[in-house]
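Structures incoming, each one as structure tokens.
Paired with chain B in one complex and with chain C in the other, chain A is shared by the two complexes that follow.
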Partner chain A sequence: MTEILIKNGFVVDPRNKINCEKMDIAIKDNKIVKKINEKQAQIIDASGLTIMAGGVDIHSHIAGAEVNLGRIIRPEDHYKDPVRKTPITRSGTGYSIPSTFVTGYRYAEMGYTTVFNGSIASMKAKHAHEELNDIPLLDKGTFILTGDWWFVLENLAKNNIDECARLVAWLIHSARGYAIKVVNPGGLESWGFGRNVHSIDDQVPNFCITPREIMRGLIKVNKKLNMPHTIHLHTNNLGVPGNYQTTLDTMKALEDLSTDGKPVAHITHIQFACFKGENWRKFKSGAEDISKYINTHNHITLDMGQVTFSDTTTMTADGPFEFSLYEMGGHLKWVNSDVETESSGGIIPFEYKRNSPVNALQWSIGLELALLIKDPWKIFMTTDHPNGGPFYDYPKVLAWLYSKKAREATLKKCHKSARKKSLLPSINRELTLYEIAIMTRAGTAQALGLPNKGHLGVGADADVAIFNINPETLDIAQKFRTARRAFAHAVYTLKDGVIVTKDGQIVNSQIPGRTIWVDAQTKDPCRIDDDMKRKFKEYWTMEYENYPVTDHYIKVSDKVTVKASV
Partner chain B sequence: MITLTALRSFSVPVQAPCITPENFAGKSITEIKALPVTEGNCNVTLGDLFKLEQTPEETPNITLNGDLGKVKRVGQAMKSGEIVINGNIGMHTGEKMAGGKIVITGNAGGWTGSEMKKGTIEIHGDGGDYLASPYRGNDLGMKGGLITVDGNVGSDVGCHLKGGIIKIKGSAGRFLGYHMNDGVIYVEKDCDVRTGACMVGGKIVVGGTLEILPSFTIDSIKPKVKVDNITSVTGPFYVFLGDLSEHGTGKLFVNKSANSALKFYEKYL
Partner chain C sequence: MSKIINNVVCPICGCLCDDLEVTVENNEIVKMKNGCAVCDAKMVHGYKSEERILKPLIRKDGKLIPVSMDEAIKKAAQILADAKYPLLFGWSSTVGEAQRIGVELAEELGSALDNCCSVCHGPSVMATQEIGIPAATLGQTRHRADLIVYWACNPWASHPRHVERYTAFTSGRFESSEWKNYMQRLKAASGRKKMEMASKRIARVEPPIKPKVCFTGPPPQMLEQKPGRKMIVVDVRKTMTAEIADYFLQIEPNRDYEVIEALRCLVTDQEIDVDKVGGIPIDTLRDVADAMMNCEFGVIYFGLGMTQSLGRFRNIEIAIALARDLNRKTKFVISPMRGHFNVTGANNVFAWQTGYPFAIDFSQGYPQFNPGENTAVDLLKRGDNDATLIIAADPGAHFPSVIMQNMMKHPLITINPDMNAISRLGDVVFPAQWCGIEYAGTAYRMDTVPITLKKVVEAPPGVLTDEELLSRILKEVRAIKIKRGEPVGQTEITPTHPDTTKPSPTHKTPAKPKQTKKTKERLK
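Our next item is the complex of A and B:
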């Protein structure tokens, strides 16, 4: 039994409305408790330091087939950033697609304790779980690509929501996933035939359904299943100039589905879906229109997908988008795939450059969105690792958010056309520590439906991050570099009540972290009839019996059981 | 001049990026002896592996003697001065070189002159694989400078070449000038298959035989071709354009008299 008392720190806990108050945090075993016996407890003196809950990342590609393929095609990326073993940690490689162990270590060094994997096709779930098992120090979960799964399309085309819900429950259970992920709805299926959908009302070949119907149908399914997270949506026309209109259409199409004022969809890496202008030459920011809409509506949450100017690797299930990047990027390396009846995929190494007018404006768009949207509970900080930049750039992104000085310093080095088009000079907002805690932990945990994460109230998981920031003496907006260093190397990170990093160095790498997954219990079981098994035989390279992930694939399982209404 | 003589033959790779004129300049022999190198997985010093002597001559700055086939990264990122290597040398010699000169009297290992920007490398023996090519997966090819090889070279020479000149007196292996963008490669003898695959620019001149990829098209026949300001080679040469699968405009000059098998291309002129 371990007891830890963190004394005299400035606690920032937005879920419990605590803003930089001096108080003690008591930890018993792996939970935060009200009181412990001070004499027996290990004391951490946090005077002059900021205490936050462990970070919760809502969208980061850390495991799965595409991540691994990215590793395979980028030997030069690993070569840049080798990581030596220490008596405590294992060796590995870093940079845009770090190895599993390095992923865990580097997240923990920044005070993150929970990370959700962007997407996996359920056919490749076994591999993804094997990788997730190997990521230490983090609780993790993964979203399952559902939007272009043939059975889902068939049922939604027949408007058979209840049957579709049972199927999705089975799918999420058999892939041990956490939420429904929808990527370019309809587009991935079309990509199997070399096509794409270009608006939310385009027909998907062979299925007599539109992206609008897929998204609306899956939101209804998500509600019927009472899933903790909303659907996780990657919009159509991602990365295409003028796509802010598609994004607006998408959000409008989902408006009426929110009946209780709660979000129904999480649109991920919104920066890539916020482009204005007819072509790349007339490329402009659509941040104003999107933020205006979000400021007046409550049914959507967003994450940034911030670009950080680095040599990175883009990877997404959106095959057609990656093809357009390949055409733009000089035909170097490209992985293209069509995951049988479920999804597609693509990987392209990409370098975001300050002196490129488009990349520099993309950088600006991400920040404009985060700053123009007034409520930090609606937009969260991500880089869509590794699509906008690797996750170790999070401290940089935070600096741009809390300091106008930091933004100006970077904007000065950007291409002049981007400087002219950027809205950033007109935005004076600088986020406070409280708002940052919302965007990186409290808000994300709430959006993901994790009641024990992202806060430091009694009963919460004992995941704590302590940063060397004294809110009384340090003006983070002025001394943004000092604060950036503090966010890059947490003084302490506690995972499940165990100190795992101290002064930015790993001191305990033996906490495996749990895999969080959802078991949506339907009243009637999913009808797996002979017809479905026959389809598995005909259309999949995998037998139905081999399809589900079995329990022994998951090292530390954390099942979230929900009662579905079908 | 500093002369380094290997005290013994090495059985495992020795990583010696510290052997550059800049690194040695202004240092006493004892300081140079203390420079760190690795032998296999052991950290040792230069003095543990080499006998060092100082002589008053100015050029070359560094001379290496002995069996150095396992010694890697000599002259890495050097900017000026001259290194003479008497014998064979291991991989990555002159990697990221930005000036100066390296003379290798024996054979060079793979990735010699990889990612180099400026300077000269003279190889009197054979050139190995990946000569002037970037690390696997990278597209940071050689940007400038001159590499001459008296012997043959291996495969994947001059990948992603972005500038500079490579002259090879012998023959070349497969994938010569893969994805090259600019610069010149001159091979006096034969080339193995897939020469100039994916090339989008630049010039490859081949004096001997080669196989043309189907994605190249014949453009003309020229009596002679200029390799650099001082060298021009008389032919006649078939001029091929490609690689069309990459919409490339690279030029492949192929000696007409050595390639009678390509005669049928003439009807397309």
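Our next item is the complex of A and C:
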């Protein structure tokens, strides 16, 4: 039995409405408890330090076939950042797509303890789980690409929601996934023949369905299955100038589906879906319109997808988007990776440059959104790792959020378009530690439906991050560099009640972390009869029996069982 | 007593067909359905080979003597721990789980780590690193492709079910099978042949010598009007695959680059001043380019004829560029025909653990990648390493003799199921189980789709799985290093639920005063 008492720290715990209060956190085994025997316990003196729950990342591409293909095609990226082996840690390589072990270590060093993987095609789910097993120190889960699965398209076209729900439940279970991911609904199927959809009412070729119907149908499915997370949505027309209109249309189309005032969809990396102007020359920020809408509606949550000016690798299941990005020119490598009956994908190494008018404005759009949306429970901090920048840039993003001075410092170095075409220079808002804790922990955990994460109340998982920030003496907005350093290297990170990093160094790499997945139990499970099996055989080049991820692919399983209403 | 096991995965080529029906009698495979001839040869006969190694062997006085497993593991660990720079090579015919341990072992030893990819599709990987690749899973071709190009490969012999399962002879959602047409053509051809033979016998005329470069089938501009799937084969000789193709282009050896570049010029509307490229008239190439541009979904599968001939990775690079250019006109993908059943897996496992797919060097304590320097052949040619471990591969039969001579100068450890060429040369020879037959694990299909191999029969007693054997060698290496007082890494993270974590040895930690000092200093 391990008992740890963290004493005298300033606790920031938005879920329990605790804002920088001096209090003790007691840990027994892997849970936070009310009280422990102080004499028995290991004491961590946190006086003058800020205590938060372990970070929860809602969207980050850390594992899967596509991520690994990104690793394979970028040796030049790894050369910059070799990671030496030590007696307690494995070697590897870093930069925009770090190797698995390094991913775990570097997240832990920043005080993150839970990360959700952006998207995987179910057919390649075993690969993703094998990689997730090799990412230590983190609890992780993964979203399953469902939006362009033929079974979904066919059943939704017939408005057969119940049958679709049973099939989706089977798919999520067989891929050991956590939530429904929808990427460019209809567009991925169209990309099978090199086409795309350009608005939410375009017809998907060969399937008699529109993106609007897919999204609405899957939200209904999600509700029927009682999934902990909403659907995780990557909108149509991503990365195309003028797409803020598509994003607004999408959000309006889903308005009536929220009956209880709770969110029904999470739109991910919103920065890339917030472009105004007819073309790249007239490119403007659409952040004002989007934030206005979000400020008056409650059915959507967002994450930023912030651009951080680095040499990174863009990767998404949105194959047509990556191809159009490639067609813009200036790129050496383009990878396309379609997956039969399910999805597509693409990878392009990309350098976001400060002196590029488009990239500079993209940078400001992300920040504008985060600052203009008043409620931090609605927008969370991500860089859509590695699309906007690698996750090690999170401290930078936080600095831009809590310090106008930091923003000004970067604005000075940026192309003038960031100043001229966006509202960012006029925004004075500076986020507090409390709001930062919401955007990085409490809010994301709530959106993901993780009751034991993102807070430090009794019964929560003992995932704790302690930062060298004294809210009484340190003005983070002024001394943003000091605070940025503190966020980059947590003084302590505790995972499951074990100290894993100390002063930004790994001290224990032996905590494997759990794989969180959802088992949505339908009353009447999807009937896999001979007819269905034949259909599987027709659709995939893999036998039905060999398709699901078996238990031995998951090192430490954390099954979330939900009762579905179908 | 016999039992039938369904949906067994075939552990031979990169196709990983997973629909085999295997009949097992008395722990022996007696029948196999659905598989190809190659599969039959291994699954039903090959694995029971008389050359099977059943006990570990150690070379003493030039002779291989059977020893106990413990002794062999100790000896192997001693060799590896004593070596300054060992090479671990092979990995393409074992499962991902074993490859993972392999990376850890290489890291612990500070050794070179390479897989068979470096002598087959390594150039394809390097080309992908140069310009990316528009690829798709095999099912995508099955459902959609109406133009299939096999370039410099002969799937009829190397991947016998590739055409049947994934391309021309299978029916998908949007395209139907060409099997019937092929059968008709075959009948017509055999009729024609009979007639020719008969007329030859009557006339007693010597057949004319064929021109060096020839085409068969209707010219592509007529091919365009042909309904359904079209299959074009490009090769330096008329293979069996060429026989079943709708159209065959025989190009001069080592001219792949030029021919593809000419096609690229034609696709991008550029003029070509010559009449022939690689022995093919420009007009013919123009027809091929038109067929490529006018298809709905085209695919190029390329093989070792392209990766290991003149130009090597540049050939692949230009082929990828062609596919990429074609994407501006239609949908086009390109994919390598990976050979061994899990060579793709070796690339993937190495990549997620180290960042690099092959040619890895751990001598500095971190992974380095430099094909041409850390690749097995180049490394052995320079004679850099001083011990070798070969697993699940047979370089003894395939590497150049100079390189084998260099390898033989130093101790050699082999892990292979049967007495192949390399096992005969080994100093420590381990037996191994046949993965996919005697033990289960993960393999990656040529399009990176992971499939779980099945265990069908029990392995001979005393023979360990690759995974277990490597873990034991790793453990032993660490034990030796600890004895010498050298730092060692930690064993793999043990999969324990946090509920069962051991109590921390430091209950009342003295860390407290230290920490406060440090933090106070920081705050100042």
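Operating definition for what follows: the second predicted complex is superposed on the first by the 564 of 566 C-alpha atoms of A that agree within 3 Å, B and C clash if a C-alpha of one lies under 4 Å from a C-alpha of the other, contacts with A are read in each partner's own complex, and residues count from 1 in each chain.
Keep in mind that, in the parts below, contacts are C-beta pairs under 8 Å (C-beta built on N, C-alpha and C of every residue); 3 or more make two chains touch, one makes a residue touch a chain.
These figures come from a predicted structure and were not determined experimentally.
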| item | value |
| --- | --- |
| Touched partner set for A:565, first chain B, second chain C, both or neither | neither |
| Residue contacts on chain A - larger count, chain B or chain C | C |
| Which superposed partner A:332 touches (first chain B, second chain C, both, neither) | both |
| Touched partner set for A:505, first chain B, second chain C, both or neither | neither |
| Chain B versus chain C as contact partner of A:68, first or second or both or neither | second |
| Touched partner set for A:295, first chain B, second chain C, both or neither | neither |
| Chain A residues contacted in one complex by chain B, in the other by chain C | 73-75, 79, 332-333 |
| Chain C partner contacts - residues on chain A that touch it in the complex | 1-3, 29-30, 40-45, 47-49, 63, 65, 68-69, 71-75, 78-79, 82-88, 90-93, 97-101, 123-124, 126-127, 130-131, 134, 136, 150, 191-194, 206, 323, 327, 332-341, 344, 347-348, 468, 470, 473-474, 491, 496-498, 503, 509-512, 514, 538-543, 545-546, 550, 553, 555-556 |
| Sites on chain C touched by chain A in the complex | 6-7, 9, 18-19, 96, 100, 104, 107, 125, 128-140, 142-144, 165-166, 173-174, 296-297, 324, 327-328, 330-331, 333, 347-349, 351-357, 362, 364-369, 442, 444, 448-452, 487-490, 493-499, 501, 503-504, 506-509, 511-512, 515-516, 518-520, 522-523 |
| Chain B to chain A touching residues, read off their complex | 134-139, 179, 198, 246 |
| In the complex, chain A residues that touch chain B | 73-77, 79, 331-333 |
